[in-house]
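Next come two complexes built around chain A: one with chain B, the other with chain C.
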Partner chain A sequence: MPTVNLPSVLTPLANGLHTLDAVGSTVGEAIDDVARRFPSLSPRLRDEHGAPYPFVTIYLNDEDIRFIGGFGAPVQPSDELSVVPAVAGG
Partner chain B sequence: MASSMLPDRTTGDLAPGEYIRYSRHLILPEIGVDGQRALRRARVLLVGAGGLGSPAALYLAAAGVGTLGLVDFDTVDVSNLQRQVLHGTRDIGRHKLDSARDRIADINPGVHVEGFPVRLSADNAYEIAEGFDVVLDGTDNFATRYLVNDLCVLLGVPNVYGSIFRFDGQASVFAAANGPCYRCLYRQPPPAGLVPACAEGGVLGVLPGLVGTIQATEAIKLITRAGTPLIGRLLLVDALHWRQRVVRLRRDPECPACGTREIRDLSHSEEVCAVPGPTDVDAVFAAVPEIEPTTLSSRLASGELLDIVDVREPHEWAIARIAGARLIPLASLESRLSELSPEREIVVHCKMGGRSAQAVRRLRAAGFKRVWNLAGGIQRWSLEVDPKVPTY
Partner chain C sequence: MTSVMTRPSHALVAHPLRCASCGRSHEAAPAHVCPDCLGPLEPVYDPARALPDRTELAARPRSLWRYREWLPFTGRPVRCLHAGWTPLIDAPRLASALGVSRCLVKHDAGSFPSLSFKDRVVATALNAAQAFGLTVVGCASTGNLANALAAAAAREGLEAWIFIPHDLEPAKVAATAVFRPRLIRVRGTYDDANRLCAQVADRFGWGIVNVNLRAYYGEGSKTAAFEIAEQLGWRLPDAVVAPMAGGSLVTKLARGFGEFLDARLVHGVPPRLYGAQAEGCAPIVGLVERGDDTLIPVKPATIAKSLAIGTPADGLSAARLIRSSGGWAAAVNDVEIVEGIRLLAETTGIFGETAAGVTVAAARALARSGRLSPDDEVVLCITGNGLKTTDAVSDCLALPEPINPRLSEVAAIVAHQAQSTPL
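Then we have the complex of A and B:
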């Protein structure tokens, strides 16, 4: 099944896990699955309507999902999703 | 030093003694004498002399960059010293530009420093950045990041980007010819309050060292034309689990800065954080009712019964706590609602007020009517009510 990589800032919202297995055949289904299992994480991944935020970029392997079909992009069991929220510290 | 011994920033010619100073560069074929001269001629503007700007300035000075511009309005605070290695204990209270100037002069007296002791703004950005070849973004807030991005796109100057939070870092090169920009990656910043600042969320002290030196590396590569810069690629670092990844960064044809070019000046660049995001997000992160620390103190002293809920993490609770408060970390709030009485008035606090504002919204959404956010968190409580509570 595809995996979802979380940055360290979000791992406390997923019981400390930084890599999660997800069920789904699209990016959106995989994200939904993770959001269902970790409700506190859910609002950090997408908005209330399930749409992506403009300040959280999600990568399917090394591609920004916005350019390959968004949440509808198909995922394979060996794929990796990475959640990359905007951070501004310096 | 005799004038004939001074390096020449116009031609890039090295002074005789500098062949030894830069010998380890000169024997690298990717840099060599031509590359070192290019470094000598180069003018790099560092926006921010803090966590990222510190290692970047140190290494760019050591590398022989001819002119370093530094933009920072701040003074050195003791809490900076865990990561801002440009400054030392004896510099506490000094302007960062002054301590930076001294440190850089010690590392390499051949570097010319131009200091700008101001906050970068739409009003001064053009004037400050004029004539610089590369801008290095070491700022600590979204508004200035978008300003730096738009400035670099409009001027056609590469923006060597780095950003950090807790254990995570990002680096890239934006606004290079035909390359993407920051707005291609993040069209909008998060609503205020969603992402805590390093002052509240924390940052591993060595992390800006990692990312800032990556930025210095990229600046040197751009100047010397060595190797393959991080244009069109985003470097992601997780120092806690040591995961790193380089992902593709495409230029967005609909990007208002480098795509459609509808951003033609900087008049709105700093307002990005005030620009309304998606309506539902705004609703979630709208302002919450607050109580002043002195008001809370007076009410407690008069015998009023209020529940004080601390939504920080246990490791923060171990540092400092408000007497009578109970710890319910934000992530476990929903699962522990039964511990709270809807009949009682509740004051929620965290370190500075960001996380507790989220908690207030969640409690109100769960039906708790009389819930207040402690303004400024335990930080202000310590300053205004009880100085025995340590600040951190």
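Then we have the complex of A and C:
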């Protein structure tokens, strides 16, 4: 099953875990699975409209999901999703 | 000008932080995002702090630290004491070419020590590292920041981990590697290197200047605005044109001009801010033109590699500030970028890098479209040196065939020129 990697700033919302297993065949399904199990993490993954939370970027393996279909991008069991704070660089 | 500065022994303390999104306060820390909402953190300044007047400022050493009350530290800085105070150069021939009343070049292409405006942000970032006791620093860079951080870290004896896209200009790679940092070339774009660096900062706790030291790093850019105001004789120009990569420079210019207005060191209205990007990587220009709040990321494809950030962290802020200032933004193609480099060189004697070409070409486009007025006094922020990106222009510069060292051959050339360009 795909895994979801969290940055340290979000681990308090996931029982201190950096890496979570997720169930789902798309990015959105995997993210929603994690959000269901850790409800306080949910608003840091999707905004109130269900769109990606604006202060994080989600990567499927090495690719920003915005370039590959967003939450609809398919995921394989061996894939890694990484949640990274968006405010960086420049 | 004083060339030797001593290092005072006062303890340096970084200012506390506040989230620019939710407003919550946080202790000073090597942290760039709010633990509550993940919004960007900014340093907090005591509004009641004593501020210097023009006379006191003018008497201080000529570095960016002359504006230390507007930089995020208590106590005297101990690192990068010579950064800043680059010339503001009148450019009448460029003004004529652009069709504006007056043009001045803020010449950060001559910045000490690494020939770009990134020396400013590295100066504040490394003092933050000092305040937090961090001895390992790093960055993700499109080149100029790599140069600046590697140089400063070498001088300060710090271990530096520098992440760059694998395909940077050779001069920028050499001008980093010569300082012997731990250089990591990433197969991918700047955005890939930046994402990796964010994960590195999280894993290893190093002081990544544009990640977890970013709140302090960005403040260094304000000093360009302070210098422009002081060098103009304590007043503000009508307009400022700046290149945009992550968008931070534009936001910090706005902040800097605003802070000098608040301090009554200058009067009048803030300058209109104009942003410049390459067509092959123009997500912030898109935001300005559309007027919405949805940044559309791009995969960069431009010769202006120093501006090739497809997911700019400060894009939304920059676009909002540009529009609210009354300014605008423009994107130019690679041919126009080279034309911009050459126009700057041929009219000012300044050789800027590709980002300078973007800035000059965008200024020309903005003037032609009427966004810049013929009455305007315009400052162009030239942020990097052309010696770092010579490949961009070398193919279009027609070099003459060599001659024998004979006067007759020179005379023949002179005669030929006289025929081809009659007076």
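Keep this in mind: the second predicted complex is superposed on the first by the 85 of 90 C-alpha atoms of A that agree within 3 Å, B and C clash if a C-alpha of one lies under 4 Å from a C-alpha of the other, contacts with A are read in each partner's own complex, and residues count from 1 in each chain.
FYI, a residue touches a chain if its C-beta (ideal position, glycine included) is under 8 Å from a C-beta of that chain, and two chains touch if they have at least 3 such contacts.
Predicted, not measured: the structure shown is a model, and the values here were computed from it.
For the composite obtained by overlaying on chain A, chain B and chain C cannot both be accommodated without a clash.
In the superposed model, A:His49 makes contact with chain B only, not with chain C.
Contacts of A:Ser40 after superposition on the shared chain: chain B is touched, whereas chain C is not.
When the two structures are aligned on the shared chain, A:Ser25 is found in touch with neither chain B nor chain C. Look at A:Gln76: by the touch rule set out above, it reaches neither chain B nor chain C.
Using the contact criterion defined above for the overlaid structures, shared-chain residue A:Pro85 touches chain B and also reaches chain C. For chain A, the partner that touches more of its residues is B, with chain B and chain C as the two candidates. For the superposition on chain A, the stretches of chain B under consideration are 9-17, 153-161, 333-341 or 369-377; the one running into chain C is 153-161.
Taken together, the two structures place residues 7-9, 12, 53, 55-57, 59, 62, 64, 66-67, 82, 84-90 of chain A in contact with chain B in one case and with chain C in the other.
Contact residues on chain A toward chain C in their complex (touch as defined above): 7-10, 12, 44, 53, 55-57, 59, 62, 64, 66-67, 82, 84-90.
By the touch criterion given at the top, residues 5, 7-9, 12-13, 18, 39-40, 43, 47-49, 51, 53-57, 59, 62-64, 66-67, 82, 84-90 of chain A touch chain B in their complex. Put simply, chain C touches chain A in their complex at residues 21, 31-33, 35, 37-40, 140, 188, 190-192, 194-195, 197-199, 202, 210-211, 214, 218, 245-248, 297, 299, 309, 311-314.
Across the complex, chain B meets chain A through its residues 48, 50-53, 137-142, 145, 162-168, 170, 185-190, 194-195, 197-198, 201, 203, 208, 234, 236, 238, 240-241, 243, 245-250, 252, 277-278, 280-281, 284, 313, 331, 334.
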